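Following are the structures in question.
Presented sequentially are two complexes of subunit A, the first with subunit B as partner and the second with subunit C.
Let's turn to the complex of A and B:
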C-alpha cells in the first residue's frame, strides 16, 4: 500500500490501524506523523485529525439533515424522510420516558444526538476497508482511520463528557452535601457516629469504584466492539490477496460479517444512549 | 515479548467463556418468559437485546484490548 509492492500481513494491518496524527514532534516540530512510531513520540500534544474530522463531519451531517427535516415538517402528507425522523424522535422519546425519571427538558434531545451520532460514526465501519484509504492515498494522505469510534480518544472523550454531566447534575440536584453523602453513607451505615466514621472510607472506596466504572465501561464498550469489528473486516480484507478461492470465500465472509455488524452497530449506539440516560436519571434521583 | 500473545489469548478466551454462558442463560430465560406469556414476546426481546449488549461489554473490552496488544504492542 505505502509504495512497496510486497507487503506483509502485519504491515497491512498496521497501515489500517494508524491514525492521521498532527502534533508537536520532538525533532520536526508541529507536523503530521509519518508513522505510528512518530505519533507515539508526539505524546500528549497530538491530535488524531482523521477521527476528529470524521466525527465532526458526521455530527454536522446529522444536525443538517434533522434540521432540514424539521424545517420542512408539514402536517399534510409527510415525506419519507420526515417519517423516518419522526420515527427516530418518537423511539428515543419513548426510551427516555421509560428510563428517565427526573424532569429535564434537555435529556431527550441529547439522547437523540448521542444515538444518531454514534450510529453514524459506527456506520462508517461498513465502508469496505480499502476504499477510503486508497482514495486518500491518491490525495497523498498515507495513514487514515475512517471509523471515529475505533479511536479510544473519541469514545472515552464522549464517556468523560457523560461523566461530567453525571457529576454536574448530581451536585445540582442533590447539592454537594447530598452527593458526598451518597458516596460516603451508601452501603454501610450505622447509628452511632464512631462506627459510622469507620464505615465512611469503606463506603467511599466501594462507591468511587462504581462511579468511575461507569464512564470507563461506557467508553471502552463502544471502543472494544468497534475495534474488534474493524479488525475482523481488516483480516477478511487480507484474504482477498490470497488467490481466487480464498478471495471469494473472503467476499462471502465480508458480506456475512457486515450484515451481522449492522446489528452490532445499532445495538452499541442504542446501549450508549440508554446507559447515558439511565446514569443521568440516577444522578437526578433526590432521596 | 511472546507472553503478550498468551496474555491476549487468555483475555479473549475467558471473556468469551463468560459471555457465552451469560448469553445462553439469557436466551433460555427469554424463551421461558415468552413461553409463559407470549404477548410479552416483543418487549422481552427488546430487553434481551439490550442485556445481550451489556453482557457483551466486558468480553468485548477484553477483545478490543487483546487485539490492541497483538497488533499494536506486539507487532508495533
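Let's turn to the complex of A and C:
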C-alpha cells in the first residue's frame, strides 16, 4: 500500500483520490496541501500540480512525437512512426470530414489534439495504481493522482475551452443577432408578435439549458468514466493486502479490468473528440 | 475534487496545444499526404498512358509486320516469275544457239564434203590421165586431152 503506516481501506481510497495541491491556504499561505481538507480550504486559488503536470507533460510528449514525424514527413514511402501518425491524421480527418460541414482549418488539428491527448491521459489509468504514488512517496511527495482525466478540473477545463469556441464561432458565423435569434426564436415560434413575445423567454430557457449542457456533459462524461474506472482499480488494488488468495483473485480482476479498460479509454477519447466536432459543426451551421 | 485554477491551466494548455498542433504538426503531415496522393495519382495516370502507348505500339508493330510479310511475299513471287522468265529465255537462247551451231556445222560439213568431192574429182582426173598415159604410152597432147579429162572428171 502507498501509506507508510497501516491504513484503513477508506484512508487508502481517499489517499489515492487526493490531488497534490499547491495553493493559498488561509492559515499556511502558499504551500502544498497536507490533506484533502486543506486542499478544499484553499478554494479556487490552488493548482492540482499532479493533474496539470501529468496532463501538460503528456501533451508535450504527444506534440513532440507527432512533431518529429511531421518534420521528417516525406512524400515518398512512409515508414514506421510516420505511418502511424499518418494513420491517426487520416482517421481524425475522416471523422471531421464526416461530421463537420463548415470550413474551418482549426477543427481537424483540434480534434487530433483532443483525441491523442485525452487518450494519453486516460492511458495513465492502466499504470498500476500504486506504482507512481509509491515512487513519489520515496521522493517525499505524499499525494499523486497520475490520471489527469480523473480530475474534473482537467476535463471541465477542456470542455470550457470547447464551450468558448462554440460561443466564438456561433457569433462569428451567425453574428450576434443570429446567435441570439437561435437562442430565443426556436423551438417555438409564431406569426403573431404577441405570442412570439411570450415564447421568447420559454425558448431562451430551453436553449440556454441545452447550450450549457454541452460543456458540462462533455467534461463530466469523461471525468465520470475515468473516475469510476480508477475507483475500480483502487478497489481491486485493496485486495492485494487481503491475503494471497484474494490477492491472486485481485490480480486476475485487475488484468481483466485493464484489458476492458483499453476499450473504454479509447472510446472516451473518441467520444470527446466526436462530440467536440459535432458541437462546433452545430455552431457553424447558419439557419 | 475541488474546482480551482487547474481548470484554467488546462484550458490554456489545451488552446496552446491546439495551436501548436495546427501550426507544426497537422499542416506538414496533411501536406505530405496530399502531395503523395497527387504523386500516386500521377504515377497511376502515367502507367495507364504507358500501357496505352504500349498497346498502340504493339498494334503498329503487328501492322508493320503484316505489311512486311506481304511485301516479302510479293517480292518473292516477282522474283520467281522473273526467274522463270530468265530460265525460259535462257532455254530459248540455248536452243537458238544450238540450232545455229548445228546449222553452221552442217554447212561446214557440206562445204568439206564438196571440197573433198572436188579434190577427189581432180585427183581422179589426174589419176585417170596418168592411167591413160600409161596405157597409151604415148604423149598425148595435153591441152587436147585435158578437155576430155575435165569432162570425165565432171562425170565422176
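In this section, the second predicted complex is superposed on the first by the 280 of 287 C-alpha atoms of A that agree within 3 Å, B and C clash if a C-alpha of one lies under 4 Å from a C-alpha of the other, contacts with A are read in each partner's own complex, and residues count from 1 in each chain.
Keep in mind that, in the parts below, a contact is a pair of C-beta atoms (placed from the backbone, for glycine too) under 8 Å apart; a residue touches a chain by one contact, two chains touch by 3 or more.
Since this is a predicted model, take the numbers as computed values, not measurements.
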{"item": "Combined model on subunit A where subunit B meets subunit C, clash or fit", "value": "fit"}
{"item": "First, second, both or neither for A:146, with subunit B first and subunit C second", "value": "neither"}
{"item": "Partner chain(s) touched by A:10 [first = subunit B, second = subunit C, both, neither]", "value": "first"}
{"item": "Partner chain in contact with A:118 - subunit B first, subunit C second, else both or neither", "value": "neither"}
{"item": "First, second, both or neither for A:58, with subunit B first and subunit C second", "value": "neither"}
{"item": "Touched partner set for A:228, first subunit B, second subunit C, both or neither", "value": "first"}
{"item": "Winner by number of subunit A residues touched, once subunit B and subunit C are compared", "value": "C"}
{"item": "First (subunit B), second (subunit C), both or neither touched by A:220", "value": "first"}
{"item": "Subunit B versus subunit C as contact partner of A:20, first or second or both or neither", "value": "neither"}
{"item": "Which of subunit B and subunit C A:268 touches, first, second, both or neither", "value": "first"}
{"item": "Per-pair minimum CA distance [subunit C against subunit B, superposed on A] in Å", "value": "8"}
{"item": "Where subunit A meets both subunit C and subunit B, residue numbers", "value": "17, 36"}
{"item": "Contact set on subunit A toward subunit B in their complex", "value": "10, 13-14, 17, 36, 217, 220-221, 223-225, 227-228, 231, 267-268, 270-271, 274"}
{"item": "In the complex with subunit A, residue positions of subunit C that touch it", "value": "1-11, 13-15, 17-18, 20-22, 24-33, 35-36, 39"}
{"item": "In the complex, subunit A residues that touch subunit C", "value": "17, 19, 21, 23, 36, 39-40, 42-48, 51-52, 55-56, 59, 62-63, 66-67, 69-71, 73-76, 78, 85-86, 89-90, 93, 105-106, 108-110, 112-113, 117, 148, 151-154, 156-158, 160-161, 164"}
{"item": "Parts of subunit B lying in touch with subunit A, wherever the complex brings them together", "value": "49-50, 52-54, 56-58, 60-65, 67-68, 71-72, 75-76"}
